[in-house]
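Below you'll find the structure I mean.
Chain lettering (A, B and C) follows the sequence in which the chains are written, and residue indices restart at 1 in each chain.
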Amino acid sequence: MGILEVKGVNKRFGGLQALGDVNLSVKENTVHAIIGPNGAGKSTLLNCLVGKLIPDTGSVMFDGQSVLGRKPHEINQMGISRVFQTPEIFGDLTVLENVLIPCFAKRDGAFRMHAFETVAHEKEIVDRAMHMLDDVNMADKKDMHASSLSRGDKRRLEMAMCLVQEPKLLLLDEPTAGMARADTNNTIDLLKHIKATRDITMAIIEHDMHVVFSLADRITVLAQGTPLVEDVPEKIKGHPKVQEAYLGQAHG
Amino acid sequence: MEAIILQILNGLDKGSAYALIALGLTLIFGTLGVVNFAHGALFMIGAFCAVIMQRLLGLSFEMVDETKTDFLGNPLKVQVPYVESWFGPELGGAIINWSVPLGIALAIPVMIVLGFVMERGLIKHFYKRPHADQILVTFGLAIVLQEIIKYFFGANPIQTGAPDMLSGSFDFGTMLGFDPNVIIYPLWRLVYFLFALFIIAGVFAFLQFTTFGMVVRAGMADRETVGLLGIDIDRRFTIMFGLAAAVAGLAGVMYTPILAPNYHMGMDFLVLSFVVVVVGGMGSLPGAVAAGFLLGILQSFASMNEIKSIIPGIDQVIIYLVAIVILLTRPRGLMGRKGVMED
Amino acid sequence: MFGLSAKDTRFLLIVVFLTLATPILLQPFPETSSLAQFNAGYPDLMQKFAIFGIFAIGFNILFGLTGYLSFGHAAFLGVGSYTVVWMYKLLGYNVLPGLVLAVIISALFALLIGFISLRRSGIYFSILTLAFAQMSYNLAYSVLTPITNGETGLQVYSNDPQILMGENSPTSPHLFGLVMRDSVQVDVGGWLFTFNIGYYFCAIIAILAFYISLRIFRSPFGMMLRAIKTNQTRMNYTGLNSRPYTLAAFVISGMYAGLAGGLLASMDPLAGAERMQWTASGEVVLMTILGGAGTLMGPVLGAGFIKYCENIFSKINDGVLHGWFAFMPDGLEDFVIALIHPFVGKGWHLTLGILFMLVVIFLPGGLVEGGQRLARLFRRKRKAGGPSRKDPEHRPNPEPHVAE
């Protein structure tokens, strides 16, 4: 029984079958990659997991509870954090404030009227945020405006914002999309570091095979909205169906 | 039945004005992506074009009329408009009498130039700024424009009548086969309605049947793609702004016999026109026109005594009430497209 | 002190000092000098500084922090005024019950309007708030005449119940016997200082209002509001529900507006529907932007600046201008006066509009940002190349919404 169980999920957009009978099981403390050619339905699947879309049929269970029909913030409170393709951070706030906000969300829930407390007096939370920034080597940038960070640092900050919540499941949507090789390698190192230092389950949607094969414990290949195969990376590499799905598309 | 027709007719003139202003707002919003709070001021300036025309035609010189004497027995000095001295009292008088429709000739160039100047000089620099900044800077511009008009024309409404020929009422009921004197309708309101229909049809035809219009419509649908095609979309958008300004101005010129223009009439109409745009659906031209007429007519129905006695005050709030209900139930408005201003 | 950092405490104390010393500070010119017309130390104007300062501080909590641009805040201003005048009519001239009730009622109104309007964002939110305010305004003029007294405006009549009025109670607004319109005038040399009870009453409330806003700015709640302005998507995916945060901000700013409206009626026992008109809503937007949205002091400065200019500029007429430019040759004098004439006196709104446009175009951060730029320039000149880290206005957010 995995921490995330997707059963028989279908999603249609008008005449287009975006997802057809998707079954997926993500085991605790593993890195599970979902790969597939463009238009395979990876993003649709991800959006069904975080509450942005509601599947037509099927169930999505996280930690024994259904996520369907819940709003994104409720799903986050259940323990799912998400990293976006282009980093979503609070650009006008400082780096430290960016990390403080998820700390408050974790402690106080979706809403609390803490209008008469002072951020600077919340020692425990500030310490935790600083510790997190140390962990991703950004402590020296804590007073910078998040919008003035480099792209690599923005990605790093977004990861820190997700990790500081100690999520049970971290969803990553093409975390290296549009990155230069060096930045991609940095991100891989960061993810490896995260994987090595804490108990965390990750589901990665990714295009870049290099990223997938350096990190994943299990891989699901999605094609035309349906899972093709699911196996360990070594087996996926030489799998004929996978080559057909990828190469067939690449050459066709 | 007669009462219903009468109310529909009564709603048409206001509805026409709303539709014309909303049409321009939507053109500007759809093409340039700018929320123009100064659009009401353009309507107002259009109305003052009629006032200016009236004053220009009324320019007179003093002449001694030998045939008459004043009460002291001296020859009477009379003011004779130049127009009358040039064309004779008959034709000249008629020209002065028709100053409102003639105001159109003044309004078109004035509004187009004003539109160009506004777009090139100010709005252009706000394409990439947040919508709040666009609202604020055009709001400031609206204040400036109306204060300038106030400086030159004063704060009081200025009466500008329709031509005598078109200023009476006619019995619309008998034309439809009802009893006489049931549906009496002022002639000028009918003129205004037909005029509005003509302008609206013109704008739509322009967008539908010219290459220029095609590019603009494509730009409204997807600005970036059109930009990628290498079409100089900016220049066209400047022209669109001029066109939208002209539409607002024309709506203003012809409205003057219905409502004596004052410097703040633009703001009054702007607030309602924004509501109209939102109800019709941000970015939808047919939506803006349909919602304009719809709300004008609804407002006229709400001001019937029979309805006011059931729900007091409904005539004051009906438009806003409709807007609130529409925004909450159909956030994109009656004919709005997905993804307009939803970020 | 007061739960603030040392820096904020110093800042607050400066504000307190400036507020209390206003009657002296705004009277820099002797009565007999020709510049006396630029003095602003008279009660009526100083009360307006404090009251519209409160209004703008509250508006800033909504617009400055969350970025939601409300075009209908004047509705709460009107509600506050009507409530206070009604309390005069029913109970008596003590302002306290009215003010408390004004805050409560405007909070309820804000809760209702905010709950509905906040279902949309961006321009749709602006239009919804505008629609609600215009509805209130139109209703106040028509159907609600029994409550609002329509065009005449609501005022106290001699046959009103006023059940708490005693034999010796003051016959104008007061706080337990302290009559608002009473003043002490002190003549020092050529200077005339007026210490008005009403002003000090407003000033103390304004200081409290400022203190609360300072606390909100420094609180986790305030940080959340700024986060909403920056990125709602991230907010939601961080497990935070933005709706109650924005609603809370809306209600708080509505309460500030209700309080300001109540104070207007506390200084002058009248309430009219024109207070709810959308131009009044536009005015508070203007004050906030002009001073600097999202900054602590900005809205107060904006409110003061606009009210001061309104008073001074609109008093300048041709006679005054002729007095100023009398030293010029006649032709030149007339020419200069003709140039200035449209912008002063009744033309003050023209100046305001131009000023407003200039600020939005060139200085989106408002006067506060302008001051900072000047200070930075100045400091750089003094110690060339030195880092300029000081934050004279104690802004929580060094560069809010500089949209380039």
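Keep this in mind: contacts are C-beta pairs under 8 Å (C-beta built on N, C-alpha and C of every residue); 3 or more make two chains touch, one makes a residue touch a chain.
Here is each chain with its UniProt name: A = Amino acid/amide ABC transporter ATP-binding protein 1 (HAAT family); B = Amino acid/amide ABC transporter membrane protein 1 (HAAT family); C = Amino acid/amide ABC transporter membrane protein 2 (HAAT family).
All of these numbers come straight from a predicted model, not from anything done at the bench.
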Connected chain clusters in the absence of subunit C: A | B
Identity of the chain that, by mean CA position, is farthest from subunit C: A
Innermost chain, where centres are averages of C-alpha coordinates: C
Distance between chain centroids, defined by C-alpha means - subunit A, subunit C (Å): 46
Rounded Å distance, subunit B centre to subunit C centre (Cα mean): 35
Intercentroid distance (Cα basis), subunit B paired with subunit A, Å: 53
Junction residues of subunit C - those touching two or more other chains: 401
Junction residues of subunit A - those touching two or more other chains: none
Interfacial residue positions of subunit B with respect to subunit C in the complex: 35, 122, 125, 128-133, 135-137, 139-144, 147-148, 151, 267, 271, 274-275, 278, 282, 312-313, 316-317, 320-321, 323-324, 327-328, 331, 341-343
Of subunit C, residues touching subunit B in the complex: 67, 69, 116, 119-120, 122-124, 126-128, 130-132, 134-135, 138-139, 141-144, 278-279, 282, 285, 289, 342, 347, 349-350, 352-354, 356-357, 360-361, 364, 401, 403
Contact set on subunit C toward subunit A in their complex: 3-5, 215-216, 218-224, 226-227, 229-231, 233-241, 244-245, 248, 252, 397-401
Interface residues, subunit A side, partner subunit C - complex: 50, 71-73, 76-77, 81-82, 84, 88-93, 97, 100-102, 104-106, 108-122, 145, 161, 165
